[in-house]
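Here it is, the structure in full.
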Amino acid sequence: MKKLINNPDDVVREALQGTAAAHPDLKVFFDPHYIVRADAPVQGKVGIVSGGGSGHEPMHGGFVGMGMLDAACPGEVFTSPTPDQMLEATKAVSGGAGVLHIVKNYTGDVMNFEMAADLGKAEGIEVEAVVIDDDVAVQDSLYTAGRRGVGATVLAEKLTGAAAEAKATLAEVAELCKKVNDQSRSMGMALTSCVTPSAGKPTFELGDDEMEIGIGIHGEPGRERKKLAPASGIIEQIAGTIIGDLPFKQGDEVLAFVNGMGGTPLIELYVVYNELTKILDGKGVKITRNLIGSYITSLEMAGCSITLLKLDDELTKLWDAPVKTSGLRWGV
Amino acid sequence: MKKLINNPDDVVREALQGTAAAHPDLKVFFDPHYIVRADAPVQGKVGIVSGGGSGHEPMHGGFVGMGMLDAACPGEVFTSPTPDQMLEATKAVSGGAGVLHIVKNYTGDVMNFEMAADLGKAEGIEVEAVVIDDDVAVQDSLYTAGRRGVGATVLAEKLTGAAAEAKATLAEVAELCKKVNDQSRSMGMALTSCVTPSAGKPTFELGDDEMEIGIGIHGEPGRERKKLAPASGIIEQIAGTIIGDLPFKQGDEVLAFVNGMGGTPLIELYVVYNELTKILDGKGVKITRNLIGSYITSLEMAGCSITLLKLDDELTKLWDAPVKTSGLRWGV
Amino acid sequence: MSDSTISGADVVRWIQVYASTIAENRDYLTQLDSAIGDGDHGTNMNRGMSAVIEKLDGATGDDVGGLLKTVGMTLVSKVGGAGGPLYGTLFMQMGAATTGKSDLAMGDWAKAVDAGLKGVQARGKAEPGDKTMIDALTPAAEALSKAAAAAASLSDALRSAAQAAEEGMKATIPLVARKGRASYLGERSAGHQDPGATSSFLLMKTAADTFADAGRPRADRKNE
Amino acid sequence: MSDSTISGADVVRWIQVYASTIAENRDYLTQLDSAIGDGDHGTNMNRGMSAVIEKLDGATGDDVGGLLKTVGMTLVSKVGGAGGPLYGTLFMQMGAATTGKSDLAMGDWAKAVDAGLKGVQARGKAEPGDKTMIDALTPAAEALSKAAAAAASLSDALRSAAQAAEEGMKATIPLVARKGRASYLGERSAGHQDPGATSSFLLMKTAADTFADAGRPRADRKNE
C-alpha cells in the first residue's frame, strides 16, 4: 500500500485535524466526528446535513460552508457514519427551521440516518431525510437495495444549500432535493481499484488491459468488466445509458458533471468532457452549466463518473448562487 | 497504460477542445495552441503569460482568468511550448502596458521563452520575463541547470495576476514576481511514477515499498530513493529541507501550499497538512494562508509537494484579492 | 427444561469470546466483503467489538438485558455501515427480551435470539434467501425454538443452532444478493459467501462453545 | 580540396534520411531520456522531423541556406522543450553559414557544422563535458575542420566526423550532467548515455551515410 498516511486507523482523525487547522470557517468536532460551519446554527435557516464514509473527499466535509452544507458527518473509510455523529451534527445546525438529511442510498447510510432522524425528532428537532439514488449502473428493483447515491449528491448539496440560504422552508428544501434526485442520472467506471487503508491491498484486481464499467464509489466491482477502450467508446456507453434512462431529450438544458474518481488527472477529465459534449450535441441536449473535477471520489481510484441533471430556471439560479466551501466556491 | 484518452498524440488537443467547450470565459486557439481570457487584451493592464508542458493541470490553463493569468501556452505533455505559441499569446494579451512572462526554470522553457520575448520585442511589445526556481531538492550551482520551478509558480501567477489587475506597472509586476520567487521554497516526493501518453509506460520503476524524494514535476527521478515511511517522517524531511533553506524563522507568517501530484487523494493531503502544521508550530512559524489540493501535477503521479511562501501585508492582500479561473476562484 | 442455565457471567464471557473470534477473523471477513462488498466488514465488526470490550470492562452480568443493550448501543455508535445498525439492533432486541434477568434458561435464550432476528429483519427488511446475515440467523433461531419445544439439552440446542447457522451461511454461496451492497453486483454476487452471514455464524458458534460449558464446574471449562 | 561536393538535393536527402532514422530510433531516444530526463526526446524529435518533412515536400535544395533555415524554424515551432531551440538553432545557424549556396564543398560543410555548434553553445551555454549534445557535436566539428585543413576526401571527412560524434556520445555515459534536466539528478545521472548526444550522433552518421555517395552517379547510391 502506497499512501501518505501514518497508522491506517488514524487516517480519518488526522485528516480531520488537518481540516480543522486549514479552515477557520469550519468547526471540527471529535468523538463523535462531525464538521459544522463556524457560524452554525444559522437562526431561521433550514440546516442541511449530509455524511457518509470517508474516502470520497472533498465530499462531504469539503462542502460545508455558506450556500451548501451546514454539517457533514465523516465515517470511517467507506463506512457509513453512526447515528450519534448525525445526531450531534443535527443539533449543532438546528436553527429552528428544521434539518434536512441528505442520504446516499446505501443500506448502511439509510439505516444509520433513520436512527439519527428518530433520535433528532425525540429531541424536538424537525428532521426530513431525502435519499439520493442516481446511479443508473444499478437496477432499481425488488432484487437490489435500489440504485446507489453518487454524483447527484454533490449537486443536491449545492442546490439545497442555496435554497436554504434563501430561507426556503424545510418542506420546500426537501421537495427540491427530491426534484434534483429525480432529474439526475449518473454512471461511473474505473481503470484501477482503490486501496482502503485498513485492507492495504486493492479491493479488486483488474488486468492491465481491463476496466470496470458501472462501479460505485466504494471500490465495489462494477456491472461488467471489459477490455480497455478509447475514451470515446467508454463515454458513449456511459452517456448513452444515462441519457436513455431519464430520458434526456432534444432541447433539454443540462448541467454536465464530469467527476474524477481520485487518481485520474484533470487533463483526462477534459478529454472526457470533450467526448461528452460531442454526444450531447448529437442528441440536441444543451449543456448550460458544468462541473469538471474530482468532487466525489474513491480514494486513489483512477476512473470517472458522469452525472447529468436536467435544469430549469429555478435550478440554474440556485446553481449560480454564491457558495463558499473549501471544495466548491464562487460568487463570494 | 490506463488512461481515459483516445490517441496519445491527440490528448493535448482534445483536452483543449474540452476546455474551450467548458469555459465561456476563455478563448482557446489552436495551431499554435494558447488560451486567453475572453476579455483580453485588457487595455492599460500588464498582461501575464505563462506556459509549459501539459500534464500539470490545472496549471497553467486552469489559471487563466480575471485576477490571474491573461494567457497560457500548453506544450505537448511535459514538453515546453514553442516560441510561436508564446508570441501569439503575448500579442493577444498586450493591452499597452507590457507583458510579463512567468517561466519555470527548465532549460527548454527558458530557451523557448527567450526566443518568444525577442520576437515580442521585435513586434514592439515590452516584455519582461521572470524565471521561477523554488525547488530546494535541486542544488543551484554551476553544476546544475539551477533549481527547478515548481509550486511557487502557482503562487506567483496568482499574486502577479492580482497586482496586474490593480494596474501595477510592468516593472512593479516583474519585481513582485521575483519577490514571490525569492520568498518561496518547495520540495516534492512521489509514491508512484507517472506514465506519459506517448511513452505508455512508467517513466521510472519504484518498488512496492519505495518512494522518491526530491522529484520534479515531469516524472524525473528524484534526489534519492528511500524505503516508504509514515507521512510524519516524509513531511519532516521535506519541510525541514524547505525551512532550513530560506530559512523560515520563528515569527514568520507563511502561506503553506500542500499540493497533490495528481494521483493522491485529498484525504491524504489533509493528513500531510496536519503533519506540516505540527512542524511549523514547533518552529514558531505561523501559517496565515493555505492552499491544499492538486494544482501543479505530474499526470497521475501519486505524491505531494510542499511550498512555503513568506508573507507580508502586501502579499497577503494580493492573495486575498478576487480571482476567477477554473482552477482557483474566490471573491467573485 | 434444560440441563443448566446461562448465567450473566457466561454472557459476559460469550461477548469476550465473540470479540476475540472477530479479531481473529477480521481479515477473513474483510476478504469476503471485498469480493462482493466494500471490504470493511471485518474492520467494522472488530472496531465495534473492541469498543464493546472496553465498555464492558468490569461488567458482572447481573442484568443480562442491560448488558446486551449496552453491547447493542455500543455497536450502533462504533460500527457504522450496515453492520452497525444491524448488529446493534440484534443485541438491543436480545436485551429487551431479557430485561431484568440474571440467568437465562434455554427458552429465554431461544426467545432472545428470535427477538434479535426479528429486530434485524425490521431494520433491514431482508428476507431469508436475500444473501444476508438473516440467512445464518433464521435457521439458528428455528433450531433453538425447536430444541426448546423438544426440551433438548442446552448444549445440544446450542450445537444444533450453530450447525444450522453454519449451513445457512454456506447456503449463501450460490445465492444472488438482493439486499445490501452485494445486490449491486447482480448475478456476479453468486459464488461468494456472505460476510454478514459469516459473522452471524461465528456469533452462534461462540455461543455454543461458551454456553455449552455453562452447566459444568469452572475448572472443567475449556474457554478459559 | 575534395573529391566532390554536396548538392542541394543531397541536403534534402540527408534531412529525409535523418527524419526516418529519428522515427526508427524514437523509442530508443525516449528510453534514454526516461533514465535521466523526462522521456520525451524521441517523441519530440520525431514530431519535429515529421513536420520538417511535410514542410520540405517538393523542395529542390537550390538554396541550401534557405532550406536549412526552414528546417531550423520548423523545429523551433514544432519541437518545444530543450531540443526545439537547440536543434532549431543548429539548423538556422548552418543555414546562415550557407546562405545563397546551391552546392557545398567540404570546407563549406565543415564551416556550417561549426556555425551550428556555436549557435547551440550560445543558446544553451553548455561546455564540452556537461553531458549534452555538445559532446557529440564538438568532436565532429573538430574532425571536419581537421579533415578540411588536411584536404582529406569528403567521404573520409564525413566518416571521421561520424566516428568522432559516436565516441563523444559514448563518452557521455560516465559523465555527471551539468546542463539540462539530467543535471537535477546529480551523481545519479552518471552511467547513462545522453539522449541529445545520441540524436546528434545520428545527425552526423546520416550525413556520412548520405553525402559519402554524393560524388557518385545516382545509380550507385545506396540511400535511395
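Every chain is named by a letter (A, B, C and D) in the order it is written, and numbering of its residues begins at 1.
Going forward, a residue touches a chain if its C-beta (ideal position, glycine included) is under 8 Å from a C-beta of that chain, and two chains touch if they have at least 3 such contacts.
What you are looking at is a predicted structure, and each value in this text was computed from that prediction instead of being measured.
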{"item": "Chain located farthest away, centre of chain B as origin (C-alpha)", "value": "C"}
{"item": "Centroid distance [mean C-alpha coordinates] between chain B and chain A, Å", "value": "29"}
{"item": "Chain centre separation (chain B, chain C; CA means) in Å", "value": "56"}
{"item": "Centre-of-Cα separation between chain D and chain B, whole angstrom", "value": "33"}
{"item": "Where chain D touches two or more other chains, by residue", "value": "none"}
{"item": "Multi-chain contact sites of chain A, meaning residues that touch two or more partners", "value": "none"}
{"item": "Complete list of chain pairs which touch one another", "value": "A-B, A-C, B-D"}
{"item": "Residues on chain B engaged by chain D in the complex (per definition of touch)", "value": "32, 53, 75-84, 106-108, 111-112, 114-115, 137-139, 142-145, 148, 196, 198-199, 203-204, 216, 218-221, 223"}
{"item": "Chain C residues within the chain A interface of the complex", "value": "30, 34, 36-40, 43-44, 47, 76-86, 123-124, 176, 178-181, 183-186, 188"}
{"item": "Chain A-touching residues of chain B, taken from the complex the two chains share", "value": "2-7, 11-12, 14-19, 21-22, 54-55, 57-58, 62, 191-192, 208, 211, 228, 230-232, 234, 262-274, 277, 287, 290, 292, 294, 297, 299-300, 302-304, 326, 329-332"}
